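Below are the structure tokens for one structure; questions will follow.
Letters A, B, C and D mark the chains as written, and numbering starts fresh at 1 in each.
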Amino acid sequence: MTDEKNTPKPEDQGAAPKSQPEAKPPWLDKPVPPVHVDAMDDPDVTALAAAVEDAVLAADAFAGEVTITIDPAKLIDACRFLKQERGFKFLVDLTAVDWPEREEGRFDVVYWMHRFDDSRRIRVRIIVGEETSVPSVTGVWKTSNWMEREVYDMFGIVFDGHPNLERILLWEGFNGHPLRKDFPVEGIDTGAAVQPDVYPEGGGPLVEEEGGA
Amino acid sequence: MHAALIQFIVIPVVKIAVILGVVLLVVAYLTFAERKILAYMQVRLGPNRVGPKGWLQPIADGLKLFVKEDLIPAKAEKAVFLLAPAMIMIPALLAFSVIPFAPATKLFGLLPKAIPPYVTDINIALLFVLGISSIGVYGIILGGWSSNNKFSLMGGLRSAAQMVSYEVPMGFAIIAVLLMARSLSLVQIVKAQQAAHLWFFVPGILALGIYFICGVAETNRNPFDLPEAESELVAGFHTEYSGMKFAFFFLAEYTNMLVVSSLATIMFFGGWLRPFPNVAWLSFLGVVPPVIWFAVKVAGFIFVYMWFRGTFPRYRFDQLMQVGWKWLIPLSLANLVIVGAGVLLVKG
Amino acid sequence: MGGPLEPLFDVEEMELSFGPQHPSTHGVLRVMLKLDGEKIMDAKPIIGYLHRGTEKLFETEPFPQCIPHTDRLDYVASATNNQGFVVTMEKLLGITIPPRAAYIRMILAELGRISSHLVWLATHAIDLGAITPFFYNFREREEILDLFEAYCGARLTLNTMRIGGVPFELPDGWVDRCSDFIDRFPAHVDEYEQLLTENRIWKRRTVGVGVISAEEAIEMGLTGPPLRGSGVKWDIRKVFPYDHYDEIDFEIPVGTNGDTYDRYLVRLQEMRQSARIVRQCLDKLPDGPVIAKVPKVLRAPEGMVYASVEAPKGELGYFIVTTPKGTKPYRCHVRPPSFINLQALPEMVQGLLVADLVAVIGTLDIVLGEIDR
Amino acid sequence: MAVAQFFSKLIPTDLFAGLRVTGGYFFKKKETVQFPEQRKEPADRFRGLFGYDVNRCIDCHLCARACPINIIFIRDHAEYEEIDGKKKKKLIVDRYDIDVKRCMFCGLCQEACPTEPKSIWLTTKTYEGANYERNETLYFTKERLMSWDGIRAYPGVVPPDHGHAPGNPTGAKTGGGEAA
């Protein structure tokens, strides 16, 4: 997807300049990864900063995507402002990222919203600790209901004011939150019957196995 | 004494045995026919592995159902649960006792005098069939209720509503035929068509349509197969049935199809009569025995049944009621008036 | 005559567990229904029976090896799943893919869309009692799967896109085979339409069933045909053109009423449009390499990136978070269209009958592999 | 107008259109493939069960590394032999096992293989891997991978130890190659 990229993007591929032998087509060049740019002067960010005091902590553009870091306490106000005043009517995605080592707070909760008028998307991010709960945006966008339930299920982040905050993919009573980094990939013993891996004699993975990760 | 014994015991018993056997065999092969016809409409071949070209498939199916484990749900109402399959199968078979599929015959001179091949000809045969087939709905309702399964219960309730409301337009459609034939005896209806030089589907085309649609609904066939709508109710009223009990439900459905098709043949297509029975130069058609003519006509109806199944989506429950009460009943009443006026005009 | 009549008997709502083993829940969806007779008072979808922890798995795999896992999200249209992941990775790594690769991707994705819509129509029709379209649909789908098999060797879980392009050149004769199929395909769609579109039973089962207005659809986050059926002209292929969709001429079909029938029409039109896109791609197919020059071991810059593609079910987005010089996604979140579309189910079936529930589940076109991940 | 509508509803032309389609198909050619007797030949790139050639294998472990679910288990040891007075290291594959029951047939191992022709390939046109005992029979050791016993292939496919190139199981010469 190539929505309004800020990053230097090579020439459009369709018109590959074959006449100039020295200019290699972009797909043979070394890829140019996008870079982080400060986005505090983005119109949406400035509008938000002006409307909701002390809400915007930082703003960053990466690969054409503006990420606004917001004070969790101002989340509802900011979201409501973005939806009602700035036209971000459509909440595309809501998820979380776990950074267990980070000092500011363990989780990023990420909101990714869309404006239909000019097809623009921005991302709102809040940083919360393990113990703090997040205000629910179900009052702003109805669609966040299941998304917040999923985040609760997978990360154990509690959303205040959610109408029906219960596990969605795992069963009620599951011990743990699988997408946290400290949850083992192999899974935990839930008491459910597990078909063990059985290998013929002399088979199976080796202890000193070097293949794979 | 001896003659009476033969006349009242031996001959009816033989006839019953033969008809029962033939009907059950035909019904078993109807399931095969349905699978084949549907398959052919759906660009596939259908069952073709058991026996030559798959012709032994119904036997294999029957055997499978016969030896299958027969489950009764723990919380089912046991007596009713056992009774329900019988309650739907027996009325369906009873209807065949009055269906005249051929005139009295000497069986190629094997018999000293011509005897009718059907079990009996009673003067209220049509009423008998209607009455008997209404009992079948109890089998469905009780089967659905006694399974103690919510899906079954809903299937049973649906079929109750459906069968009750579709019997009304069906009755009215049949009355139109009665007006033309002036008899409730099925044999007399056929004879009336011969006498009238006209099969009744010509004046009664609307009645035929209504009768057939109602017949489809009465037998719970697509597009009116709500009681067993598999995509909604899993399998409807027979969700909990297995083995031979399930087979009874299954066979009863096909038997009822056969009854409806036979009645349609008798009432609208001249029963066992050959086409244009009174046109002399077509008399070479008389070489074909009447029972074959009857079978061909019934087969035509059965094919239409299956064609419907292969083509149409299913009505919703409330829409089914709407079709029944808002369309079919007024139409059948209107048809009654038209046919009645016509009969008055023609016969004076 | 004051007030409602006291009921003679105790009245209670029937609770019905619809699924997870039910013929028309399209997998292992379970809906807890509260019924008044056959009328739905409340519906509560219960999901998670197919949860496999795909997002956790992504975190353990190097970037290229995530692609086979994406196949298993929406397993009836795995080409678009691959596409979503590789498009996101290319955005993250700044890779430009060769035009031939982009065109092959579009062909595969649109064929996948057709095959997904065929599966939808087949199951939707069978849910509403019409069994025959199923076989006609699967006959055409089989041809598409054969094309996939000839291209990449797999029929369902394709694993057919790589970061930077596609893994294979088209085999000999593939273009002719594909264009032959695409030329024949619209006639088949006409056939389905003859069976269903004007059929009075079909219309009565679908018109006015499961209505959702445009505003409500946006509020509920619907995407894809359910959103377009409500009249919102919105398609990722047009809004944020990825690969080379901006060079292709196609239309976005939209409905007006937002009911099941409109969504049915929208999807049928989408099949025709997809055929049109494939036709154009085959005609325009440029020469050149099919994969860009990418390093053997991919190292991503730090950041979070989201990109989405228009999957047959709606907007399929991948949200990838990376650490500096990371070779694996630190976090890879999938925005599954079915998951969010399914959320609207309780509102859409409120007050309808049980028979309509299957119609609405069918019209949302959910795939549980994607919902439960 | 209303009367016309009434009568048009009475004559269900819309339903006849559907009946015509299904009725028409009744007489058309059927699509069924009678499986055990008739088989559709898999495409040349069809990803079936594995073939492996120990003689071509350079023991680079790239396939094991490329496998997303780590089901390729390789164990090797080095042997030294003297060729022209020089001591040359040679890697001998002791074990080359694939846990096929977990395989998802993504084909990444074949793509990763650097030898030409490939030492591991899935283009054997074999798809009948069904078994009664998955743990024993769907665990392929080196010997199993190189033999053809107990595996049913599409008729006419040459066994994997025959030395043909992957993507071209019959050994015939074709122009098109894989670009990757």
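Keep in mind that, in the parts below, a contact is a pair of C-beta atoms (placed from the backbone, for glycine too) under 8 Å apart; a residue touches a chain by one contact, two chains touch by 3 or more.
Everything numeric here is computed off the predicted structure, so don't read it as measured data.
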item	value
A-C or C-D - the one linked by more C-beta pairs in contact	A-C
CA centroid of chain C to CA centroid of chain D, Å	26
Interchain centroid distance [CA atoms averaged], chain A/chain C, Å	22
CA centroid of chain B to CA centroid of chain D, Å	52
Geometric centre distance via CA averages, chain D-chain A, whole Å	37
Overlap residues in chain D, where contacts from two or more other chains coincide	15, 18, 21-22, 25, 31, 67
Residue numbers of chain C (touch at least two other chains)	61, 132, 136, 139, 195-196, 199, 201, 289
Sites on chain B at which at least two other chains make contact	41-44, 310-312
All chain pairs that touch each other	A-C, A-D, B-C, B-D, C-D
Chain D-facing residues of chain A, complex	197-200, 202-206, 209-213
Residue numbers on chain D that touch chain A, as the complex places them	61, 63-65, 67, 70, 72-75, 95, 97, 99, 135-136, 139, 141
Chain C contact footprint on chain A (complex, rising order)	1-3, 7, 9-10, 13-14, 16, 25-36, 62-63, 65, 67, 89-93, 95, 97-98, 110, 112, 116, 119, 121, 123, 141-143, 145-147, 150, 154, 167-171, 178-179, 183, 185, 187, 213
Contact set on chain B toward chain C in their complex	38, 41-44, 150-151, 154, 222-223, 225-226, 229-234, 309-319
In the complex, chain B residues that touch chain D	37, 39-45, 307-308, 310-312, 331
